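Each structure below appears as C-alpha cells.
Same chain, two partners: chain A is paired with chain B first, then with chain C.
And then the complex of A and B:
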C-alpha cells in the first residue's frame, strides 16, 4: 500500500469536502430546475393556445422558452455539477479544492450570472444565439467564472500523484473545453463573424456545450459514483480511456451537423456526419463498460435507487446517441429538420440523461450531506418513476409527432394540416410535463422533511454530518 | 477487491483490440478522406478560405489533446492501465474506514467520560 492510501495518513474529512457548499449548489440547482420547468410549461401551453397571460410582454412564451433552456443548462446542470464536483474531486485526489473562499465566491458570482441572464431575457435583451442568449455584458463575467472554476478544481487534480483515474481525465478536459467553448460561442459570432461562418461556429457551440461541457462532467461522475456504489471497480479502465480519448478527438467537429444542407462546405457537413457516427461507436464502448460492471449484480438496479437513476440515464444516453447517428444522415435530416423530433431528442438528452444522473447523485449524496437518511423511500420511488415515465412519454410523443410533421411537410400539405395534426402530440407533451413536475414536487417535499429530520438530529453542521454519515 | 497486479485475460485483450479496430479504422478512413477533400477545396475553390474557420476551431481543440495524449503516454500514465480503478476504490474505502474509526473513537471517549 502506498503512503497515499494509509488510513492514518489520509486527510481528515473536514479538510477535504465542504458539505455546506455542496448543499448550497444542490439547492440552487433544484430552484432553477423548477424555474426551467415553469418556462417549459408556459411554452407548451402556448402551443395549445392556452397562454395564461397573453398580454404581458415580459411573460411571453418566446422569452420564457429561452429561460427554460438557459435555466436548465446554466442554472440546474451547472450548479448541480459544481456541487457534485466539490464532493468528488477532493475525494479522488485526497486534496481539497484550491480555496474554499474561492468556492463560495464562485457560487455567489454564478448565481448573479444566472439571475442576470434570466432578468435580461425577461426584459427582451438577448443575443441571437441558441444557448448563448445571455446578455452581452454578462459573457465576460461568466467566462471569468469558468476560469476560476478551472483553477479551483485543477489545482488538486494537477497535484494528484500517479496515473490518473478516468474521471479526472474527463474533469480536466471539461474545465478546458467549457472555457473554450463558451468563449468561442459567445464572442466569435458576436464580434468577428457573420452569416454562414457565424452559423458554423454557432453550430459548434450549441453541440459542444452538450458534448464538451455536460458530457465529460456527466460521464466523469458516473465513472466515480457507479464503482463506489457497487463496491467494485469499473470493468475495464482501458476501455474507459478509449471512450475518453474518442470523445476528445471525434466530438469537436460534430456541431456542424446542425446545419446540414446549408452553404457550409459539404466536406465539413460530411465530416460532421462521420464524426457523429464515430462518437456513437465510442459511446457503445462506454455503455458496454458500465453494463459489464453491473453484470451479475442486476438486482442493484431495483434495490439501489441512485443506481437505477444512473443506468436508466445510460440507456437513454445510448438511445439519444443512436438517434443522433441516424438523424445526422442527409436523408434522415431532410425528413426531421425543424420538426418536434429535434425537440424530443433535446429533452431526452438534457432531462432523460443528465438531469436523471444528477438527481440520482443528489439522492445518493443528500443523506451524506445532512447526516440523516431520507424521510421517505416511497417518495424517492415516486420521484424516480414519475421523472422516468414522464420523460419517456414526452420524448416518444415529440419524436413520433416530429416524424409525422416531416411527412406532412414533405407531401406539401397545407401548413395548417401539420399544425392540426400536431395538436394531440402537444397536448400529450403538456401532461407528460405535469408528470415530471409532480415527480420533482415529491422530491422537494421529501427533501424538506429530511432537512427537518437533520435539524432535529443536529446534524446539519458540516462536522456533525461527517460523523453521522461515516 | 481484485488485486491491482492481476493481469487482464487474453479474451479481454482481444475484445479491447477488436473494439479499438472497429471504432478507429473506419473513423480514420472517414477523417482521412475528408481531409484530402478539404485540402483540394482549399487550394482549388475560390471560396476555399471560408473553410478555415471551423476547421481551425477543431484543430485548436484536437492538437491540444494530441499533445496531452503524448504527454500522458511519455509520463507513464498508461503503463499499468488498469491500476487507477483499484486505487480509486481503495481510497474511497480507506476514507470511509477513517470516518468509522473516528466515530468509534469518539463514541468510546464519550462512554469513558
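And then the complex of A and C:
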C-alpha cells in the first residue's frame, strides 16, 4: 500500500488534524457496527424460528431490530462520518476545528446519546418514528449535539478564504440539513401533527435522513478522497455543480414516496414520484463524473484497496438508484411495497454504499492515523471481498424474495404461503449476513494487529504519527 | 451564488429544506385541518368496549387488579398502554396499519384506509408501518377472539403453525390464560384496530384469507366465565352497530 501514501500532496501540519479523535470516532463506529450486526441477526434468526432466547424480554427481536437500524445510523455512520470530518475539514480549510475540547465533549455526548438510545430501545421505550426510534427524552440532547457539531466544523469553513471546494458545499449543507431534519422528524409528528400528515412528515424524515445527512457527507468525502488518491482532479466541475444543486433541490421533495397509496393526498404522492425520478437523473450525472475521473486509470481499482471500496460503493449506489426509479412508480409500488424488496434496497444503500465508503476511508486512514502500514494486506482483501459479496448476495436475495412476496399477497393465497415461501430467502439472508460478519472480523483482527505494530513502533501519539507519515 | 457560502447555506440549506417542508408536510396538515384530532377517550367505541368487557369476564383477577371496572376511562388507559407496547416491541416493523387500494388488499382485509381513521392521539406519530412480515392489522378488531390473541401472543405457533412472530411471554404471568397488565392492554389495542368502522365486524364475513383453516383453538382456560364471544373468532361476536 505504499503506492497510495501520497501525503506529500497534503499539508501535513501537526496542528491541523487531531489524529486521536479520529481514531476514537472510528473505534466507536466499529463497536456499534458489531452491535448493529447482532440486532440484525436476532431478527433474521427469528424469521427462521431459530431465535435461541425467545423468552427473554430484553432480547426480543422486535426491539433489537430497532437497535439494528439505529446503531447503524447513529452509532456506525454518524461516528465514522465525524471521524472522517475531523480529518477532511481541517485539511480542506487549512484550519483546525473550532475547539479540540469541544470535539472531545461532542464525542462523549454522542456516545451517551447512542448508548442511551440502545438502552431505551431494549427497555421498550421506542418512539414510533422509523429511523428515529430514539426515545423522546434523548432527542433534545441529540439535537444539541448536532448543533455543536455544526459549530465546531463551520468555524474553520467560514474562515476559509477563496473558492470553496465541492466537498465543503456538501458539508455545509449537510450541517444545516441534519439539524433541521432531526428536529422536524422527531418533534413535528410527535407533538403537533397526527394521522396522515404525520405520516407525510415521517416519510420526509426517513428520506431526509438518508438524503440530507448521510448522502451529502458521503459524497462530500468521495469528492475529497478520490481526487487525492488518484492525484488528478474531478473530471467536470460543471457536473459537480449539477450534482450538488440537483440533489439539494430534488432530494427533499421525495419524502412521501415512502407512503404511496396511503391516505396522504394523491397529488402529493405524484409529486414525490416525479421528484424521485428527477433525483435518479441527477445521480447519473454524479456517477458519470466519478467514473470519468477514474477513466484510464482502471488499474487503480484492483491495486488500490480504498479506491476499490469507493468505486464498488458507487456501483451499488447506481444500482440502488436505478432500483428507486423502478420501485417509485405506482405500478411497481403496488407489487413490492411492504416486501423484502424494500429491505434489500435499504441494506444496499446503508451497507452497500455508505458503509463500504466509510470502511474504505478507514482502510485508507488507519495507517495514517497510526503511523504504520496495515499488518496484513491479505486480510484487507478478505475484508473487502467478504463485505462486497455478502451484501450483493443479501440484497439480490431479498429483492427477489420481495417480488415473490408481492405476488403471493396479491394472489390472495393464505398469509402463510408468503411466510413459508420466504423461508429459503430468509435462510440465504442469514448466510449472507455471516459472510459480512466474517469480513468485519478480518478487519478488526487486522486492526488489532496493526495497533500492536504501532505500539511497538511508538507511533501512537499524534505527533509521532505525523512524523511517521509526513 | 452557486459556489458561495451564503448561497449554499441560505438557498440549498434553508431554502430547499423549507420548500420541501411546506409542500410535503404543511400542505397535507392544512388539508386535514377540518379533521380535528380525537383524544383517546373519544376513540373508545362500543365495539372495543365489548371486547374490553369480555376481557374483564375472561380474566377477572388480572383485570380487576390492573384496570378495575371495564369503564371507558379504563379502556382508554389500556389503549394508551397498548399503543406504547405496540411501538416499543416493534410490532409496527412487522405489521402495517393501512389497506391500500391495490394488490387485492381490500379483499384480503377489508375497506381501504381513509384519512379520518388516523386523526387521533393513538396515531401520533402514525403507525402506517413500512414492512409486512405478518398481515396488516388495521382491520384486526373482532376478527379473532380474545382467547385466540392471548394464546397467540404467548406462543404464536400454538395457533398459527410455523409462525415466525416472536413470543411475548412477558405479557403474561407464566401461562397463556393469565395475561398481565401489558397482555390485557395489547389485546385491547388490537381489538380496537378497525373497531371504529361502520362495517365492523363485517370483515368477519369476508372469506378468511389471512390464515388457512386452523385447528380448533386450545381448550379454554380454567377461568373462563362462559361468554358469548367464544373461542373461535369466526363466530358470534357481539355486535353493537
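Rule of thumb we're sticking to: the second predicted complex is superposed on the first by the 458 of 470 C-alpha atoms of A that agree within 3 Å, B and C clash if a C-alpha of one lies under 4 Å from a C-alpha of the other, contacts with A are read in each partner's own complex, and residues count from 1 in each chain.
In this text, contacts are C-beta pairs under 8 Å (C-beta built on N, C-alpha and C of every residue); 3 or more make two chains touch, one makes a residue touch a chain.
Values in this document were obtained by computation on a predicted structure and should not be read as measured data.
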Open item on the list: I'd like to know which partner A:322 touches here: chain B for first, chain C for second, both or neither.
Closed with: neither
Open item on the list: After the superposition on A, what does A:197 contact: first (chain B), second (chain C), both or neither?
Closed with: both
Open item on the list: Looking at A:124 after the superposition, I want to know if it touches chain B, chain C, both of them or none. Which is it: first, second, both, neither?
Closed with: second
TODO: For A:412, select first, second, both or neither according to whether it touches chain B, chain C, the two together, or no partner.
DONE: second
Task: Which partner, chain B or chain C, touches more chain A residues - done: C
TODO: Classify the contacts of A:234 with the two partner chains as first (chain B alone), second (chain C alone), both, or neither.
DONE: first
TODO: Using the touch definition from the top, say if A:259 reaches chain B (first), chain C (second), both or neither.
DONE: second
Open item on the list: Taking the superposition on A as described, I'd like to know which of chain B and chain C A:448 touches: first, second, both or neither.
Closed with: neither
- [ ] Could you look at A:249 and tell me whether it touches chain B, chain C, both or neither (first, second, both, neither)?
- [x] both
Open item on the list: On the A-aligned overlay, A:338 touches which partner chain: chain B = first, chain C = second, or both, or neither?
Closed with: second
Task: chain A residues contacted in one complex by chain B, in the other by chain C - done: 163-164, 173, 176-177, 180, 184, 193, 196-197, 200-201, 204, 241, 245, 248-249, 252-253, 256, 264-265, 268, 271
Open item on the list: Per the contact definition, I'd like the list of chain C residues that touch chain A in the complex.
Closed with: 2-5, 8-9, 11-14, 16-17, 19-21, 23-25, 27-29, 31-32, 35, 37, 84-85, 87-94, 96, 98, 100-105, 107-108, 113-115, 117-121, 123-135, 157, 160-164, 166-170, 209-212
Task: Interfacial residue positions of chain A with respect to chain C in the complex - done: 46-49, 51, 54-55, 57, 60-63, 65-66, 123-130, 157-158, 163-164, 169, 172-173, 175-177, 180-181, 184, 188-190, 192-204, 208, 212, 241, 244-245, 248-249, 252-253, 255-256, 258-259, 261-265, 268, 271-272, 333-335, 337-339, 342-343, 406, 409-412, 414-416, 419-420
TODO: Quick one: which bits of chain A touch chain B in the complex? Just the residue numbers, please.
DONE: 1, 4-7, 10, 12-13, 16, 91-92, 94, 162-167, 173, 176-177, 180, 184, 193, 196-197, 200-201, 204, 224, 227-228, 231-234, 236-239, 241-242, 245-246, 248-250, 252-253, 256, 264-265, 267-268, 270-271, 274-275, 277-278, 281-282, 285, 288, 466-467, 469-470
TODO: Flag every residue of chain B that touches chain A in the complex, lowest number first.
DONE: 1-2, 8, 12, 16, 19-20, 22-23, 26-27, 30-31, 34, 37-38, 41, 50-51, 53-55, 57-58, 60-62, 64-65, 69, 76-103, 106
